[in-house]
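One chain, subunit A, appears in both complexes that follow, with subunit B as partner in the first and subunit C in the second.
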Partner chain A sequence: MSYYFTIFSPTDTPLFTHEFGTSRSGGDGVPHFTTAERSMAPFVLHSALDMVEEVQWGPSTSSGSAPMYLKHIDKYANNFVSCWVTGANVRFLLLTRPRDEALGLGGSGNNRGSLAGGRTGMTGGGGLYNPSAPATEEAVKNFFVEVYEAWVKTVMNPFFHAGNGDVVKSPVFKARVAAAAKKYL
Partner chain B sequence: MTPPQDATPKPPKYPANLETSMILPKQRASPASSLASLPYRRSNPSLQKLFESTASISGSRPSSGTATPTAPPSTIPSSLFSPGSRYNGAGTPGSLPPGVSDEHRTLIQRAFAPHVAVLADTETEELIRAKGFEGGLLQLLRPFGESVPGKVTIRDSVGASKSYEDFGVRFVGVNEGLGLPPMPGRDSTSGQKEGGRASSSSIRPRRLGGDVPQVEELVDRHLQYSEFNSQDMVADYLNQGEPQPQESTTSPFYTLYLRRLLSGLPLVPHETFAHPVAGIIAISSRNANPIEELRRLYSRQHDGDLRFPQWVENDYLRYYVLVHDEETGDIAKSNQTFDSMKRHFGLHCHLLRLKSQQCIPSDDDSVRLPTCEWMSASEELAEIQKRETSDDITDPTPYLPDSDITAIRTFIRELVAQSIVPNMERAVSTWNEQILARRRGISGRFMSLSKRWTGFGGSRTSSSSSSTSNSNYDSLQGFYRPDAPEALMRKLADYCFMLRDYKLGLSTYDILRADFQTDKAWRHYAGAAEMAALSALLSPGPLTSKTRTDTVNTLIQDASYSYTDRQRSAAPYYALRTLALGLELLRLRGSSAADDAARWASRILETGLVGPIGAALFTQRIAACYVVRPGVGTLRVGSRRRKAAFWAVLAAETWWKMERALQADRCLELATSLYGSRGEDGELVGLPSQDMQAFVDALRQQIMGLRLANRGFVEGGDALGDGDGEDGVGDTGVDEKRLVVEDEALETLDTSPRQHRKSLIGVPAPAVDVGPLSPRVDRKTQDGEVKDDHFEGA
Partner chain C sequence: MSSSTPSGSGLRYPSNKKTIYDRNLNRSKNAELSRAAFAYLFIEMISYAQRSAKDVGDLEQRLNNQGYPLGIRLLDLLLTRSANPLSSIRPTRILPLLQFIAQTLYRHLFGRPADALERSGTDAAQYMIFDNEPLVNSYISLPRELSSLNCAAFVAGVIEGVCDGAGFPTEGVSAHSVGDQDEAAASGGAAAPAEGGKKAAGPLWPGKTVFLIKFKKEVLEREEILARGGG
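Our next item is the complex of A and B:
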């Protein structure tokens, strides 16, 4: 499974981008996008912002305060997008590209029982990737929560103006995102 | 619009240049150029006329269709995006989103027209063939039936009358439109029509549509043509699109694709649109024994060798025509014959007076036969091929004297307004009373209920033998007998649909759906669901409520699923038709329905119902679907601008992969305008992210190279011999480099970029993302002044 994580400013500028692969199920943490998928990923995430706004400003589905974690909101081909909105309208978008086997593509049906393909904890029941499976949602949520913590610390820096489109360059922040990714995804 | 490479003189091409000889095979290797290089570089005026006339038809239908009916199509102004197509705005549901024309709605309405079978005796065929019409009476009548002159008034089931200007009928041959090609053995008997056509080309032109690969091939031919030798024509498209920037998202080729998809509906058991509503039986005044001949033709058609398959209702309206030869015939005698015809056959008769002499273009009152708008893809392909291979540069389309045209128009007007439409209205009201009312009543409900229960029990016990004893469905052969109540109801619903009484149609389709589901007649079920969805979308009432939209979506889903996956023999053509028409009509509903439209379009792409051309066209269409959805309020919440831009980029990439540079260019333009005009203060702002900017720039550069390469082929191929020969595309050399630089300058060095863009450029990254893609670009040398040099603005 490969991930592409981007933080969008309120004016739709990407402030931070990080690509990684899964560290679970024996993954090595390296993304496996094809070239075409890799070049399309920013477009997919940017286009998902339309859906983010719709969910964000649309009728509330939960009682009480609006949630920050919007869960799975958009899909293009084999790419699933989850979202987290901060209080300052900074959007965290995570694009998930499951392995072909987890999508029921590829001819690796016999591989499913093996250790590599058999860990369905992340991919929901039945081996197929399901973006709204509770386990998946929880893992992504944990990841977002950690990133959000790190993000809050970053934006508290008085010299950093996310609203002006300041790009995050801090290596510490990057390391924390990577750690959260390794821990939960 | 002059291509900049004209400005710089090219070095002459030396035959001994090694680079050239190395480049040439590379370029030949691309399938498009090898296909196109041969036939298209030859300027064949008759071929050009064909492409142009079809392309101009393929845009919005010129509203002059009835006002100046005799104008040859070649003189129709190329106002493809003229607002004239909105003359049918009366039936528009609600209010259209701004800038959206209901061109496709009109197209769909016109596509489902009553079919009229044409049968003529040998003398008539000879007479008309002597006028230069190889296809006989059918070829003569066909173009005129497509739009009946004047308004046609239709009374619907509740008694309200409505007039339509664009009502039409389709004339079909007696043995055409069947799912199978006509038997070769039959050609000898029904040979009067076959003889003229079969000789002309290698593709057998069948007036039968429903063949998606052929539609694709045809659209591809048109695309190639526009790509390689019609800079002026496409320039027209672009310029005409400017006044209406929104609707410029509709590609004329997409309209052509839809039209050909709907042309020549095949004759099938599960829908009756292609079943004849009436049949014309024509005899000539030269015939010695007219009444006998009419009887003979009638019996041949009724139960002889020209009979339709057994699932087609056979007792449709017969219309008898006496073709009088103005030059050799005796009018007194014809009148006498006509009187006796009226005595024998009643009102449905007509005396058609034609001149038997062949008409040539230089004659005084000669008029070119209009092009058929609704010819099937295979026909048009055959026509293109015929004109490509023939050395004759004159236009083979026959000409007609003005008086003939008037006579034919009068005839068709009378046929439609006085016979066909009243007959259909009567049939609708009869069936409505006799069958539908009975089904709707208490007993009918009970009957269907009991039937459902027995069907239910039967299905539990044995799933294979689905035909229960009290079902009218012949599950082995897969049809209902034409006199079964289900078949009649389907016919009633289809009549309603063709007469544009969508309300009654919808309720009938709904009843039918339940019946077909009980009978497990899946293809019939899919057909009813498809038409129910279309009726719901076409009916003029508002369809705003969420539940209605859900109903429609379920219907479309059901139909496409039942057409393809539910049965052993899939019918992908019908699934495609369902989704394509559904998406078009949903798109016209605007706002949230446009989302559904886009979803159905991506369903088409995912399920692989279309080939490469269709995939590109539908990708482009998704962008168009998202474009029509406006946001709410100042924040434009709910707009789909970013999605639209994304799909436009995808479409551009798809077109580029298929080497259709002009189309790719248009998509990319749309994408950049959607991405770009995001700034609150109305300034042009570049793409939000470096990666995206780099991707778009690279794509633009590649498209530009492809475009210049394509153009190089057209302009005598001197671009081939440039001599620097870096690679296949780079032979366009210096100019391309310059163009790209300018283009990038426009994109990246805005006059006043917003602040965050400055800071973006400020990070050490930018050299990385642009560098490897275009190493020759040196941005430092540019300034804001070059903005006006933006290549062609296209």
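Our next item is the complex of A and C:
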């Protein structure tokens, strides 16, 4: 499993990007994107922003509040995109590229998946990656919750204006995101 | 983490090795600031704005701009505090947003909810939040040449920041002092019976301020589409 995580400002400027692999079940935390996939990732995420705008206001029956966690919102080729919208309309997008076996492309046994994908082998059929499996959603959500906490601390900085496209440069923030990734994905 | 500073990154840590990321967001949840300290600081902010302001409108706009970034930040901070972070929700309709402002935001800033929340009878895009006694104005007396100034423009800026941040762009939020007669006109016939008594004893709330929030057209359009179920 490889992940590509980006934070978008309300005006669609990428403010922070982090790329990592799964650390679950023997994963080494290193992403395994091919060169083509890596260069496609920013485009996939940007196109997913349209989907975010469609779903972020919630269904018409909602009581006027919607959860920040929008779950799995978009799929392009072998990439699955999950989203979290903060109160101030900053979007966290996580692109997931499951291993080939988990997509049914390989064929070897599937018992080394990450928490975010491996457990679907028991609930879903045939060990295929399922972005809306409860275990996957929960793992991604926990990751987002941790990032969100670090993000709120970042925006509390009076000199940081997310709306102006200020890029997050803090190595501490990066370390926090990496720690959350290691813990949950 | 704090000791592993990459050399040459230029990042400086505080002497106690605690970055903002090591601090708890809820640390200051119930902390209160002394009113005197706030008044002192606020006076400085006003005189800073006044130094380069051309007229009253410009001065109010400058105060508004000072409050705006505060609103954007408070929005996220209060949303994380108001609920269990695992069920984080954000307002997606106008009414919950305004209730958030009148209740949660006001309680955080001033320790009490706003006094009233109304929708304008003439303009559907306009909402009004009433504050009988704005805390920011409590130590401010206006000279005659600035009698139309209302320093609660700062609070209006905070409100504008919250609305804008949440994805409800406004044409602007402004603070207005309301006298007795304006108040009766603004709230319609409902205030009429109470008004008789007030006239005799002078205005009950001399500093009463109304925050006029005028949402942009697209916000109302979206609201309508969502209500219809087209979304």
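Throughout what follows, the second predicted complex is superposed on the first by the 160 of 185 C-alpha atoms of A that agree within 3 Å, B and C clash if a C-alpha of one lies under 4 Å from a C-alpha of the other, contacts with A are read in each partner's own complex, and residues count from 1 in each chain.
Convention: a contact is a pair of C-beta atoms (placed from the backbone, for glycine too) under 8 Å apart; a residue touches a chain by one contact, two chains touch by 3 or more.
Quick caveat: nothing in here was measured; it's all calculated off a predicted structure.
Visitor: According to the stated criteria, A:43 is in contact with first (subunit B), second (subunit C), both, or neither; which is it?
Guide: After superposition on chain A, A:43 lies in contact with subunit B alone.
Visitor: On the A-aligned overlay, A:57 touches which partner chain: subunit B = first, subunit C = second, or both, or neither?
Guide: Both partners, subunit B and subunit C.
Visitor: Touch test for A:34: subunit B only (first), subunit C only (second), both, or neither?
Guide: neither
Visitor: Just to be sure I read the superposition right, which of the two partners does A:150 touch: subunit B = first, subunit C = second, or both, or neither?
Guide: The answer is second: A:150 touches subunit C but not subunit B.
Visitor: When the two structures are overlaid on chain A, which partner does A:167 contact: first (subunit B), second (subunit C), both, or neither?
Guide: First partner only, subunit B.
Visitor: Taking the superposition as given, does A:12 touch the first partner, subunit B, the second, subunit C, both, or neither?
Guide: first
Visitor: Which partner reaches more residues of subunit A, subunit B or subunit C?
Guide: It is C that touches the greater number of subunit A residues.
Visitor: Do subunit B and subunit C touch any of the same residues on subunit A, and if so, which?
Guide: In subunit A, positions 54, 57-58 sit in both the subunit B and subunit C interfaces.
Visitor: Any idea which subunit C residues touch subunit A in the complex?
Guide: 1-2, 5-6, 9, 11, 19-21, 23, 25, 69, 72-73, 75-77, 79-80, 85-93, 95-96, 165-167, 222, 226-231
Visitor: If you look only at subunit A, which of its residues touch subunit C in the complex?
Guide: Those in contact with subunit C are residues 10, 54, 56-69, 85-89, 141, 145, 148-158, 161-163, 170-173, 175-176.
Visitor: Within the complex, which stretch of subunit B touches subunit A?
Guide: 635, 637-643, 645-647, 649-650, 678, 688-689, 691-692, 695, 754-757, 759-760, 763
Visitor: Touching subunit B in the complex: which residues of subunit A?
Guide: By the definition above, subunit A touches subunit B via 9, 11-14, 17, 39-40, 42-44, 46-47, 49-51, 53-54, 57-58, 76, 164-167, 169.
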